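What follows is a group of structures, each given as structure tokens.
The same chain A turns up in both complexes below, where it pairs with chain B and then with chain C.
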Partner chain A sequence: MALINVKTREVQIKIVYYGPGRGGKTTNLEYINHTYRNQIKTEMVSLKTHDDRTLFFDFLPFDVGRIRGFDVTIQLYTVPGQVKYNATRRLVLRGVDGIVFVGDVQKELRKKNIESLNQLYENLETYNLDLFKIPLVMQYNKIDLRKSNIPILSSEVLQRDLNGLLRVPAFEASAVNGGNVIPTLKKIISITLASIQDQLL
Partner chain B sequence: MESKVKGQDLNGLQTQITDIETLFKGNRHLEYLVKMIRAIAGYLTSRPDSAHEQTVLVLGTLVDELAILVESPGISPRAADEVLARALHSFKVFKSSIAVIPLVSEQDIQELKSVILSIDWEISDLTLQSFDTVVNRLMTKVKSNKIHSSFLKMMLSIGGYVARNKESSHRDALGVLRSVFQDYERMVRNPGMTIAEKKQLIRLDIQRFHEFKRELGRSPGKVAAPDSDVEEMMPALSHVKSSPSTTHGAPLRRLYDRGASSSHDLPDDQEITPALVGKKKGLTDSRDMMDDLFTARGSESDDLLDAIHLGGINGADQGRGMGLFETADDREERKQEGVKYFTPQRGEQEPIPEIESRLDEFFNLEFKEGEIEPALQALAPTLPDDQGSEPIVPFHYEDEIFEEDEVQFFAVNEDGDSGRSFTEDQGKENRIPVVMDRLKTFLISPDGLNHQVGLTDFTTDISVLEQEWQDDSEKRALLEMLTLLARHVHGIGKASSTVSGYDDADSSLGPRAVKGADSSIEDGEAGSTVEEEGNLQAPAAKGLWTRIRSMFRKP
Partner chain C sequence: MLNKNQLHAIDHAIETHLIAAGVDHVIYMDMGGNTIAKHDNGKTRLDSTAFAALAAGNFATVDAMAKLVGESEFSLLFHRGEKLSIHFSKVTNDTLLVSMFTREISLGMVRLKVGATIKEISRVLVGVAL
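Presenting the complex of A and B:
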């Protein structure tokens, strides 16, 4: 949940990148960290296995400046996507304010996308949070694979599979190239802040 | 004999037994005894290193009984029967004790699970090699048991297929492997399972295995089916919510022009089953087996992970500082320090321009809202309709999603610790904070009251509160005063003239108060500056608002 300190005029927002394993969540954060390293004063914390898979989570905090006189800090997290680390995923979701669901457009991962989103719903339930109400943005990542002749799902299918009920903003993306990474981030921050803007008085 | 067994001379033992068997042929008691000795010797020969620790002892007992019969030629048939009965009892007890020794130990199962999960984690030469080693070792161990062997053969076969095809393996391959393992694990961990049950279990797995093989045969390539073959699949969350529409209202921002897409990206003509399942069901079918190990909510394992995260990544104090892992006491303490906790909920509320401009500035986004990044503009999307009826809505920053049938408000308790959306029919009480916020806005910046519409809105809000607090005369009196004050401000605005004596009161609610608020923000002070400023300029207004707020604040 968002922390609003009316005395120190500070706001903290926690955004979690969620999705199936190897979908590009960490790549999103790495791109953000790399591209905005001049603005982001803090270090990205990332614990990986020997083969670069997220062990626990990645953590990237940064300040975006003042809005309505409040200093706004955004904390970006990723979760480990591998199925067996659900406890960690659930833990990372604690206190989440906004979520970017990073789906993988590869056809063979269609089922994993759906399972992951279903599990996200359940994990949020443990904190009495509702996926249908929490600020959420969809990102269909690895769209660049289209050029590599690797079979990918059309965005229409992805929209039906993942966004048919949620009806949240969705982005095709290529995190490895930075395509739509920042618009995705901006959107989730924007809608999350919009939901608390009335508190910033 | 015992020394020979200890000396691993099992072949010699077998030869001796054969000789004795021939020697005692025709003597029923001796024949039975020798058969029992042969059976135990056979068992010992089959697993000299892992035989039951009582094997030699029982073998010695049977030999002793044999010696009694051989060395007592005049023994009565009754006495001989008693000797045989004793021997038979020892034999049966031993046989049953052998039966309960698990062929596959707990460690074996854990090892097997570990290597299978390793493959699930990543298909690599290392994980596949480990899998192969473990399964082959188990195969050697259970080669005399057909059911165990069959389970392992299936696993080995699927593992071999995955090893050959690596990441191009059929998407169900690992699922089938896990399924076979799960049944095998169930069998191993359930020693009371009857042979019939075991056979039934493996029969199902063999059937599944063959179906998978047939599926592989049908697949034209190694990879998943092409888009045109996209199978019907339940959309995400269809088990918790239903909707007649699947894509309507879901804005999508594309990255590349569809014209550049390959034939792989053809829209799927098949209708995915509408999400009208209507009942909430568990997701156990689609879950990984390891998931169950971690499903305990708020379990010790979660606590442990908390500690790991706090200590290892954020530092013990950082986690607290971030407010992410606080206890209830911590939270209460922070509330007293002026920290509000608010759970964001998406709604129809547009972000204020300041948010957009601040983010644009931070991210150096020079393009206008709703446009594609400059670098991607050359590939700007043209968006086709989705099957003609339900187009994918092109993404615009202005797009916001909302529940059509719900009018959502945000409510924050007076202590500021919670916010939630709710519908109008969820009780008028929930609207009070919203109404209060609106009234506050009017009082801080009363320009809106100059217009009739603003005054009407204001009085409507007052009416809502009056209705709500009709039993509280003091609150109602204050509301009445507010109404009079608003009408007064409205009258001043309408007159459009400066009336001596009213200037101070007017400006205290207007520009000066706002200025005060601005300066308080700049100074990093809390909103109380508004009140202080108002107090200097117009004591009546400040006192009024403060009194109202204090009355509605929770004790």
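Presenting the complex of A and C:
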């Protein structure tokens, strides 16, 4: 839940990038960190394994300015995507306000996307949160692989698999080149802020 | 959500018990990694936003480890460094008090002052859903 401090007039919002392993969650944050370096006061924190995969989370705080007299900080987190780290994923989701689900468009990862989304639903349930109610944006990442002749899933298939029931905003993206990384971020920020605006008096 | 009076009372408890006793930095935060109150003695700088995110992760990890060994929780943690040490103490199920201090103040004194601060914060939090 967003933390609203009425004394210091500050709001802290937690947005988590969730999805299967090696899907591009960390790459999204790295691109945001690079693009908005001037607005980001601190270094990005990455807790990685020796082979450079996310062990716990990446963390990037991000000031978005003043809204209704409150200074708003967006705290971006990623979760570790590897299957064995579900306990850690659940810990990172604590207090989440908005989620970007980063799916991988590679054909061979179709099942992993669906499994990851199902697990997100279950993990949110442990905090009494409902995937159908929480601010959520879908991102279908790695569309640049189309040029490399690697078999990829069409948007229609991904929408049917992952977004058929949820019907949330969705973006095709290429996080490695920055394609649609910022539109995804802007969309999740705007719908998350809209979800808490009644609390900003 | 805490109101202004409650936040003021929390600030007062931290200032009078911990900062006045010589603790360098104090962060009162929720388990999601959000800072509710932060105080320092003005001598050193700390990236409290990143620190709170890591502290929440650290505490949550140890909490999960406690359950694996059959403990309901480890309600306090202590990391000792060469110059600076960190004391973590659970205030409620959802909040955590983190105190950073140098060798100029003893761990015993910190624990005593943390205890008094938690008592005062708990009084403020009666009936508050965080």
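Brief remarks on what is shown
Here is the rule we use: the second predicted complex is superposed on the first by the 201 of 201 C-alpha atoms of A that agree within 3 Å, B and C clash if a C-alpha of one lies under 4 Å from a C-alpha of the other, contacts with A are read in each partner's own complex, and residues count from 1 in each chain.
To be clear about the criterion, a contact is a pair of C-beta atoms (placed from the backbone, for glycine too) under 8 Å apart; a residue touches a chain by one contact, two chains touch by 3 or more.
In this text, all values refer to a predicted model and were calculated from it rather than measured experimentally.
Clashing of chain B with chain C is the outcome of superposition onto chain A.
Of the two partner chains, both chain B and chain C are touched by A:1.
Residue by residue along chain A, chain B and chain C are tallied for touches, and B comes out ahead.
In the superposed pair of complexes, A:86 makes contact with chain B only, with no contact to chain C.
Once chain A of one complex is fitted onto chain A of the other, the partner contacts of A:153 are limited to chain B, with no touch recorded for chain C.
When the two complexes are overlaid on their common chain A, residue A:42 makes contact with chain C while staying clear of chain B.
Look at A:95: by the touch rule set out above, it reaches both chain B and chain C. Where the contact sets of chain A with chain B and with chain C meet, they give residues 1, 3-8, 12, 14, 45, 47, 56-57, 59, 75, 87-88, 91, 94-95, 199. Contacts from chain B toward chain A in the complex involve residues 117, 120-122, 124, 171, 223-227, 230, 233-243, 245-256, 260-262, 264-268, 272, 275, 283, 286-288, 290-291, 293-295, 297, 301-302, 305-306, 308-309, 312-314, 322-325, 337-347, 349-352, 354-356, 358-363, 365, 373, 376, 386-387, 392, 395, 397, 399-401, 410, 412, 416, 419, 421, 437, 440, 520-522, 524-527. Listed in rising order, the residues of chain A touching chain B in the complex are 1-9, 12-14, 36, 39, 45, 47, 51, 53, 56-57, 59, 64-69, 72, 75, 82-88, 90-91, 94-95, 97-98, 107-108, 110-111, 113-115, 117-119, 121-122, 126, 129, 131-136, 138, 143, 146-147, 149-157, 159-174, 179-180, 182-183, 185-187, 189-199, 201. Those residues of chain A whose C-beta lies close enough to touch chain C in the complex are 1, 3-8, 12, 14, 41-43, 45, 47, 56-57, 59, 61, 73, 75, 77, 87-88, 91-92, 94-96, 199. Contacts from chain C toward chain A in the complex involve residues 1-4, 7-8, 11, 30-36, 47, 49-50, 53-54, 56-57, 60-61, 64.
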